[in-house]
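Note that the chains take the letters A, B, C and D in the order they are written out, and that residue 1 is the start of every chain.
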């Protein structure tokens, strides 16, 4: 069976997902799009080979010919749309964040648990990046011992003017929060944030240094700097008791020219994570077939947002801040996927 | 429309193509396989989700439910099978070499020209490798000037015992001959072969150093060494008037462990060129839809084989040997693709 | 004139300096050594081609045939020996730290100022490393803009059992404190320390993450981990407004062997900083000739120790800690080197 | 004892040697220079701290205060000057080539053997480069097996107009001939030369591809291209039965700037081989003290020149050309260094 997909939101990310689906994802097919701006929707629909434009998001979710929904609309619409998908029994891939507030994240989790089926995947695409996956395999396979440090760098070339010091954390560094949880397999207990001075290229916001401490004592550092000018650059080094593993740059070629030996740095995340975005869609579609969820769950979406919120508190307080997540319900344990009718109650702290 | 594909030959390469098709190639679907060994065919058919096994190669070609054929049978069967596909009007992706002899290559070309349609693609997958493609773009974009040298290294970790000094050239270095023609956009005029001493790991054959000279004077060197032990390693550096561009190794991660900083080398060509093989199938399927051939044509298959044959002559003669290819018919010019009923006569020299 | 040099302390560092001097430093010559253990002194003296052994440190300092003194004795003897050199009017290269306590650092500074001549250099050899020097030039030359972050990693393969969590900072990370001051040209205003869990290879101490904030808002991170097992590894990345510059690994060769592509990591700091140690001695000897001090001054030794002491306080407090250094006297300003009889009073805070 | 050194020839190389000696080489001291152009001599003498200018080369050789002579004059004067040094019993470091003709090389060898003492070192500085030395150690230590291929690249950024296709071999590639003999420990038996087309940047000469075959069957390739524009670039990969070892680029730092990640390429050989030139002088001076010759001998100078001459013959003939070297006399065997009065007769072929 071919999974017929609808996209809600035709901005940068929605258009990019449409482009990838149109390029071909085995077992999946883009059949409809929606955007509040009908011209934008029409454009993306045309670029994707002439799929339908649906006039209202909830009509798209309700459409019987649409089997799965990709949510790429503004952040503050995510929770309601994801909940609507859950209630309609339709798998949803929701761009990060899962919701604009922690409360709203919780409500999506609660809705999903009520429904008794794991239907929501959060679009933390890095979990599908070959580098991070090899890093995780390295942890298991390479006799590196247990992890002690994870050093992350997240640099954007340029960011829109409306990005604030807070959004540097909530919108950029949240990717590192998710991937660190994925790599380490545990939650964070505390966070400290130290701001650097502003770059003259963006005097209204500050680059941030975020230091997270995991429950078991792994220290994760995240430099989040959205005005790096020279390119989009994501680095990670996982330091363990007996060795270390780092993401390797992987340009296809290197050049020697004009007294320089080097290679091109990607301009943005779509180029850098092109493989990850494609693989995310491929595995999402496959997971709908098999019923085995992959990637970040609604719970992961909640945990990443709650950790980012604690980092914002630490930024504002200027001191080390404890992170208190709710206890993870059995419903979201790997061994219990596809549980139906779970009654686990989440204790929100 | 989904292109329904049959595979002839279920050895290493046929099985690998079946695996990739089964993993999902947009617009394409594996529906049948054939092998002289019915158990091998049955195994590959089962691994690919239970496709049909066809008892005879020519039945597979004639099957109305099969739209396109992938030929991965022994080399000496290629020409007859490709010709049969051409005569049946079916697109064929033929593993290299196009044929076991130059005569047979010519006969496939002649058959295709008689048919008036470009139907045969030769499986030189490197043309779809991101590295070589970036190298070609670099030639066009990077103000490097015209090419002067192309240095190639082709090393296999281990090779079967039946590989001879001659097959090191005809079977391994022929990949470099095709990719060099692709990069440089011209034919070779002369070739010199110099043998190194044998490795103690394979005393029955010699590693070869092949030096090709293009029509315009570009010198292409190819080290072909199929017993390198340490891994599968393909290198290329294109040296131009104002700069150079090299294939970059692209491991996803690097490790620091046991007083070493480094990364894993692939074990064989399937791992190294995994992206290229998938992209080759993807573009082949797409090209059937659009009618615009991609990759190596039957002509390219002839030219690569004829150049390799000249290299074998040079090996045997121990001296610089001229390469005399037939003149390329207009039928195979890029601007004339999908020509019907061309009357161009090829002048074979 | 050849500068005749005596070494006090024949442990690991003293023996290494002796070896380098014996290998030849232009304009300098090792003539005598001292160690509390006469056998150790005799061994180093013999290895250095048969120089004199002097029975008491103060006799060595007083010796008229010794023009300059290299202090490589235990840390708690540094201050008294450096002061004795100053009072004897003899240039001294003192291994770091300048003194075992901040008070003692101050007393050396005061003694030197009383004497009116810059005679003490602290052995922070990294200031002579080609990598850090190129990084500093890069800051000036490469249109990188102003610095925002400096990320440092300091890993030892194995450390002696007596190294504590505190010594990880005071003895290892102090090198990063000095080199960061050198690169940034300013002092630190605050420091936060976050400990990682212990490695199973050294359960009695913790790896440390030190986050320093410079007066102008540059954030400097230092991972200090003395049990990294895989080798001695010093990394640094300086992130600026328009670009970044990193220390490059510089192995002479790389190997492809056993399915790995990589290079050897140095075992310890003497191998990693061999060039720096030699250049430090070369420039120290040359500076004695010219009278123009180079490298870290007594003031730098004080500032590094005082900053490290604040980091220890932060470690113990578990919170961000202000750093209050005394104001730098004009005596130590670059423009006033070789000042005689300066009356500047240092205001110790 | 300090070795007092005189330099004959104050061009680019002579001036550079003077600069290095003035910077300090343990145990050695520049005391005099000579050049046919007295102003050039005076300039170099002044830059080196005011050493003597000697009006005639032979006066410098005869000068009793000069213990050793560095010959950096034009190529066609080398043989006579080296012979004069030998006859005066003075060690000489002679810039490559040893002599302008094979005959003249032989005459220096004959003079040295008559004298019964190894006094001449040829300035093939690469033998002192850390990279090549590590490569040689790698051959011995790394379980790589026996060598099969050595791939060399020798690129200059720009070359003077008078450099011809022949000088590309005789003057540039001769460095690779010497270092290959050093690495492999054997002579070459045959050579083939294939010219590439000219670069538009230097239409009067051709880049050359030289393929050498050692006595035991190792194939050595040398790309010699003196107009590479982008920088000075020397590469080498030694391919053995069980692994390979390559020269690693060793920039002190790498930069990320303007969408590029990379590092600076040296402008010329003096920057690239700065360590090698210094180490060459250091070891030469030390070898005079110990009487144990290091580096390339007069015999090595002859063998390199004779091999280069065969390559020129191959270039002109356009075919594989045998190399017939005289048999190496016992006088030049490593085990017989400092032999006095050897009667070995060289059989020149």
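A few remarks follow.
Here is the rule we go by: a residue touches a chain if its C-beta (ideal position, glycine included) is under 8 Å from a C-beta of that chain, and two chains touch if they have at least 3 such contacts.
Predicted, not measured: the structure shown is a model, and the values here were computed from it.
Note on interfaces A-D and A-C: more C-beta pairs are in contact across A-C.
Taking each chain's centre as the mean of its C-alpha atoms, chain A lies 58 Å from chain D.
If each chain is reduced to the centroid of its CA atoms, chain A and chain B end up 39 Å from each other. If you average the CA atoms of chain A and of chain C, the two centres end up 43 Å from each other. Counting only residues that touch two or more partner chains, chain B has 230, 242-244, 254, 256-258, 263.
Chain-to-chain contact here is organised exhaustively, every possible pair of chains being in touch.
Only residues 23-27, 130-131, 133-135, 138, 142-144, 242-248, 250-258, 263, 282 of chain C touch chain D when the two sit together in their complex.
Interface of chain A with chain D (complex): residues 157, 230-231, 233, 249, 254, 256-265, 267. Interface residues of chain A facing chain C in the complex, by the touch rule stated above, are 145-146, 148-149, 151, 153, 155, 192, 194-197, 199-201, 207, 209, 211, 213, 216-219, 221, 223, 225, 227-230, 239, 241-244, 318-320.
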